[in-house]
Amino acid sequence: MAGSTYGNIFRITTWGESHGKALGVVIDGCPAGLELDEEDIQRYLDRRKPGTSRITTQRKEADAVEILSGVFEGRTTGTPISLMVRNTSQISGDYSEIASYYRPGHADYTFDAKYGFRDYRGGGRSSGRETLGRVAAGAIACKILAGLGVSVCAYTRSIGPVEADEKRFDREAVFSTPTAMPDREADIAALAYLEKARQATDSVGGCLECIVEGMPAGIGDPVFEKLDANLAKAVMSMGAVKAVEIGDGCRVSARYGSENNDAFRMEDGRIRKASNHAGGILGGISDGDTIVIRAYVKPTPSIFRTQETVNKSGEEISVNIRGRHDPVIVPRAVVVMECMTAITVLDAMLLNMCAKMDSVADFYRAKEGK
Amino acid sequence: MAGSTYGNIFRITTWGESHGKALGVVIDGCPAGLELDEEDIQRYLDRRKPGTSRITTQRKEADAVEILSGVFEGRTTGTPISLMVRNTSQISGDYSEIASYYRPGHADYTFDAKYGFRDYRGGGRSSGRETLGRVAAGAIACKILAGLGVSVCAYTRSIGPVEADEKRFDREAVFSTPTAMPDREADIAALAYLEKARQATDSVGGCLECIVEGMPAGIGDPVFEKLDANLAKAVMSMGAVKAVEIGDGCRVSARYGSENNDAFRMEDGRIRKASNHAGGILGGISDGDTIVIRAYVKPTPSIFRTQETVNKSGEEISVNIRGRHDPVIVPRAVVVMECMTAITVLDAMLLNMCAKMDSVADFYRAKEGK
Amino acid sequence: MAGSTYGNIFRITTWGESHGKALGVVIDGCPAGLELDEEDIQRYLDRRKPGTSRITTQRKEADAVEILSGVFEGRTTGTPISLMVRNTSQISGDYSEIASYYRPGHADYTFDAKYGFRDYRGGGRSSGRETLGRVAAGAIACKILAGLGVSVCAYTRSIGPVEADEKRFDREAVFSTPTAMPDREADIAALAYLEKARQATDSVGGCLECIVEGMPAGIGDPVFEKLDANLAKAVMSMGAVKAVEIGDGCRVSARYGSENNDAFRMEDGRIRKASNHAGGILGGISDGDTIVIRAYVKPTPSIFRTQETVNKSGEEISVNIRGRHDPVIVPRAVVVMECMTAITVLDAMLLNMCAKMDSVADFYRAKEGK
Amino acid sequence: MAGSTYGNIFRITTWGESHGKALGVVIDGCPAGLELDEEDIQRYLDRRKPGTSRITTQRKEADAVEILSGVFEGRTTGTPISLMVRNTSQISGDYSEIASYYRPGHADYTFDAKYGFRDYRGGGRSSGRETLGRVAAGAIACKILAGLGVSVCAYTRSIGPVEADEKRFDREAVFSTPTAMPDREADIAALAYLEKARQATDSVGGCLECIVEGMPAGIGDPVFEKLDANLAKAVMSMGAVKAVEIGDGCRVSARYGSENNDAFRMEDGRIRKASNHAGGILGGISDGDTIVIRAYVKPTPSIFRTQETVNKSGEEISVNIRGRHDPVIVPRAVVVMECMTAITVLDAMLLNMCAKMDSVADFYRAKEGK
């Protein structure tokens, strides 16, 4: 219920189904006075578009965004920003068969269990197209963060067993390789791996990584609203993500404290850490170091093989799913992870402005000209 | 800010510092008419008490809970339940030194960065004692869930490299072994490993697992309030947790779709899955199968070795932390994970009651006697 | 900030400015399975349309609503319902002058004080057109409530000094008189009063009343989320409302307890009250009687007379506002009050489903077929 | 459900029943660094204590507050502040009879309708003692506001037909007269009126007024979170309040626009209004003028006369309520209104800090020393 809203101060509400008339998002709480036009948002939406390569669906989607409210004379007004993308290429006929049964690995059965019925066209609300709203909102969050000196960057860390090598890290490659890997050699190996899977009518998973640089220290909260807890929720709320790591993640469980603790030291008059096993967050609050998050993504559940399942009448059946599906979700999810991270970090930064009595007093003293 | 409240319908607000006068929790939204007494809650609090073994702190804590409101004639009234545990054994003198510097791996620096100063006694609000409120509230959630046929069970899955063997799974062992492992052989091996670490003045991490059995299908939400997203937040909000997995977690990223999809089948007239790689959640909504969550916990940051850090004056110094500290946090975190999971699942189940128009109409028809 | 969202379970987010591209609302948390089409909503929107009489603005507004998501095969899916109305008749040229100064009684100055600048066209976000989203969402709430046996009905109680007489109460008149008064004689008198004010280039205020019939007892909450507290907020959030009354409202302050208490009695086997000074709410919770709310509305601030004000440069100036403006807001606000009341009552009813342990247990026993 | 929490950034959660062990409040989100001790809070609690006059209950209540968390070395830490007042004088025996029937004008019946049963001792959660938590939290809000140059002052405006005269306004009288009226002559007349009602075993109502001086312009929000909407909720959430007015309130409905509009003018280089019919709020946002709110309070429902009602078995009966009860609630509600207003205003001021992009950028530029 009411589960399509995210964020406290910078709060987004997404809507729309894969094959409905349109999809969109309302961003409420964006500070007033930010320069913003459709191009700022379109740039991000274009990053989740299907490419020309064989690893992403061939469905043609223009996905042109329209700003419907909240921007006046080129600047945000502080009131809700409504963004919409019309669906143009949906052909509902493709999906009529899957209305009758539950695809393994998909949310068909759980939607029916919850709501009694579902919009079965292209996954309805659980389609990857739901992320259009997240990305459109995230583009704004990224722009604001950039103005505050904070940059957010996500990329594909691995596809199947093929992992990007940190020593070959090349940020430009993220935007130009089909896999969105920051390592051109790994990209080539991953493409070969993907092609083999595709020929075997199979699909593969992978790992996304996102880093946040330029974070001020002191952002986040000590108990339930820990910055890492909110990032974990943000990232786990992306379809197909089954695990989230902060900093060294799972690996810390097999380490000694003497290996895992990050010593503090001074650097240019600021407190810094000698290492970053913590991934930039201590006790739920940013420590000023780079934030590192990883998301592990399952293989696309739609595969072109015979699978066993049940239909709505409760009969066991064998099915062959048809249609066009990416053999891997990971590259298209890169920008989604970047956006969910940005929204979460920005919201925490806005909330943080009233953490100290001094800050509050300074703000009102300045405002009242005292 | 205002980060000590968790949950929507069943909503808890915790308060208290390690060395303050008391710690507690207010539970608001607990349905009326539940039989409840202090013993129901004390049982859970006792599970986080230090044991007699050398792996947990020797600090004596009675931690006797008092119900201050919300229960009348042995039943919950539907109004806020206030629970309090008085601190009895705090000796602030032990902690005066650490006021001046930032312990590696702790939240000392980030608290100062956020709030300008901190209650440095025993970690203040970031102490493990903060979890008293979570556990007291979770005891109530567990009792309600039990009445609805849902059981929540957490245990230690691994300590350092020593992992419990599923083939030797023994639920009773969780409550009787010092490590809270469900495998008595692994417990012995883990204790030996811990003893070695302790002698080396070091600490170790580990992994917690929690399973939820008896879950109805259809619980959770499809977008931001996915059940797994909320579980990830719940678990990542526990101190020292650096990674969260649902179902097969990280491993899915290296699998093929044909391996990872769980086929549906019929069992006793109900839809079930032939395997459970998904960990009981599809598209953010429970599928009726066992929910499986894992949390990876870092080694206790307090180790009795010389460490490099900086003090509040910005000078680099070497420190030796004194006091008594567990060489491992994991066993005492077991009940915390169980409680955070229970609160999250219960809240989702309560929210779910108005998912369908039919349910709403039935409820009001019955209420109005029509 | 993020102040355009209302409701907890049935949660609406409105967006749009008077002269922007469009206005709309996202309704999240609407139970699945409700039959819904555009006509259900359009009927309500049409009630706020300008009529043919001289008491409402002559601006032509089609205000045709489009359902963009959340409805599939004629029924709500449980996912967000996005509704949009395109602006068609805005001519921004009319408003360029008022960009430079602050109209008395309007929000021009306070918007600038808050946001630094504003969309000055037609009042921007503070325009009466903002209520389009409220009414579109309220139409759905009313439909659900009707299915639960609850009816919500608002009307004009007074315009200036002319008050509808309860003895002549005629519900049909609400929909057919230009003033939306439930009393045809009062309507005629009010129109004459309005015409005089219009000729004197002045404007008038009035009072709205809303009654909710068929309410179950037991809805609402005892402390901050009192049903009357939420209704007061709902109604006071409508532009130009300066006072809210529940039941006998202000008058109770001059009464004796012996006059004001409503005796309980039995009626057809149910507990009822012999009188209804309380307006259907006791201690924040509905008592099963008719809920009565009144809203007092100020005269339209736009009047066609010379007024004193200041401009953005801080100079005192005299202004004559031009354009077309209703000499009274009240009749067009009737449907808005009905909708805000319905949304508030429905949300409370949905929340109420988990008030008792028995209800929760019954629900899950039925769901799991036990 | 979960209706005992109020506020967004400065968020309070109250708990406790009239005759339970204790009552209290948790304040989460209080900025760090505020000097605070128990005396700051006790001063406010003492204002709601029964006086020595005959107009308030004779029950002896020490109501000594204890700070249990969130304050360290005399300053708030930014973490939850838990405040508790132990009940010392409750004698449950007085209340056993009313367990069986529903007192007219009280919440007995509606609690049973909602929760199935109730804590019948002294009104349980719906007792006036519930306001202890509100006042304790409000004392902190008032202290913060004072530091920001904002003062909040409530008083009794009328008791029955006896109204304070603005021309005799005397702020000191609020604290020293038994009626908390700011007019010593009206106080004497009101006491005579009350004495007559008491002798007639009856009770009376009245009106509270609260003014907020020193408000910055630009606080509040334009749509649902209008400052006046939130104030209306805050005030209507107080027991026995049946109407709320902002500024000239109900009276505006019978005025002409030319009378009601407040002209803007310049005063000492600042934009001010020539009159204040609006009560300091335009379009939901503060205009820098004094905020004026009024609450109309019903007569105490407990009167010492025979009343008609029904019992839990559904039988019509006549009852005589015994015990000690104030013949008027108004004077003791003064400090409650002051506190609810202060909490609401403070929360809006904290939220307002991120309304403009410039403010956000300035804050982080200063924080990062750039």
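In this document, chain identifiers A, B, C and D correspond to the written order of the chains, with residue numbering beginning at 1 in each.
Following the convention adopted for this analysis, a residue touches a chain if its C-beta (ideal position, glycine included) is under 8 Å from a C-beta of that chain, and two chains touch if they have at least 3 such contacts.
The shown structure was predicted, so the numbers you read here are calculated from the model rather than taken from an experiment.
Looking at B-D and B-C, the interface holding more C-beta pairs in contact is that of B-D. Of all the chains, the one whose CA centre sits at the greatest distance from that of chain D is A. Centroids built from CA atoms put chain B at 26 Å from chain A. Taking the mean of the C-alpha atoms as each chain's centre, chain B and chain D sit 37 Å apart.
Note: centroid distance chain B to chain C, computed from Cα atoms, is 44 Å. Along chain B, residues 1-5, 8-9, 14, 29, 31-33, 78-79, 114-116, 125, 216, 218, 222-223, 350-351, 354-356, 358 each make contact with two or more other chains.
Arrangement of the chains shown, judged by which pairs touch: all-to-all, with no pair of chains left without contact. Taken in their complex, chain A has these residues touching chain B: 1-6, 14, 102, 104-107, 109-111, 113-116, 125-126, 130, 158, 160-161, 197, 200, 202-207, 216-226, 228-237, 239, 242-250, 252-266, 269, 271, 274, 277-279, 281-288, 296-303, 305, 307-310, 314-316, 351-352, 354-356, 358.
Interface of chain C with chain B (complex): residues 8-9, 29, 31-34, 76, 78-79, 144, 147-149, 216, 218, 222-223, 349-351, 353-361, 363-364, 367-368, 370.
Within the complex formed with chain A, the chain C residues making contact are 1-5, 7-11, 13-17, 20-24, 26, 28-29, 32-33, 66-70, 72, 75, 77-82, 84, 114-119, 124-125, 350.
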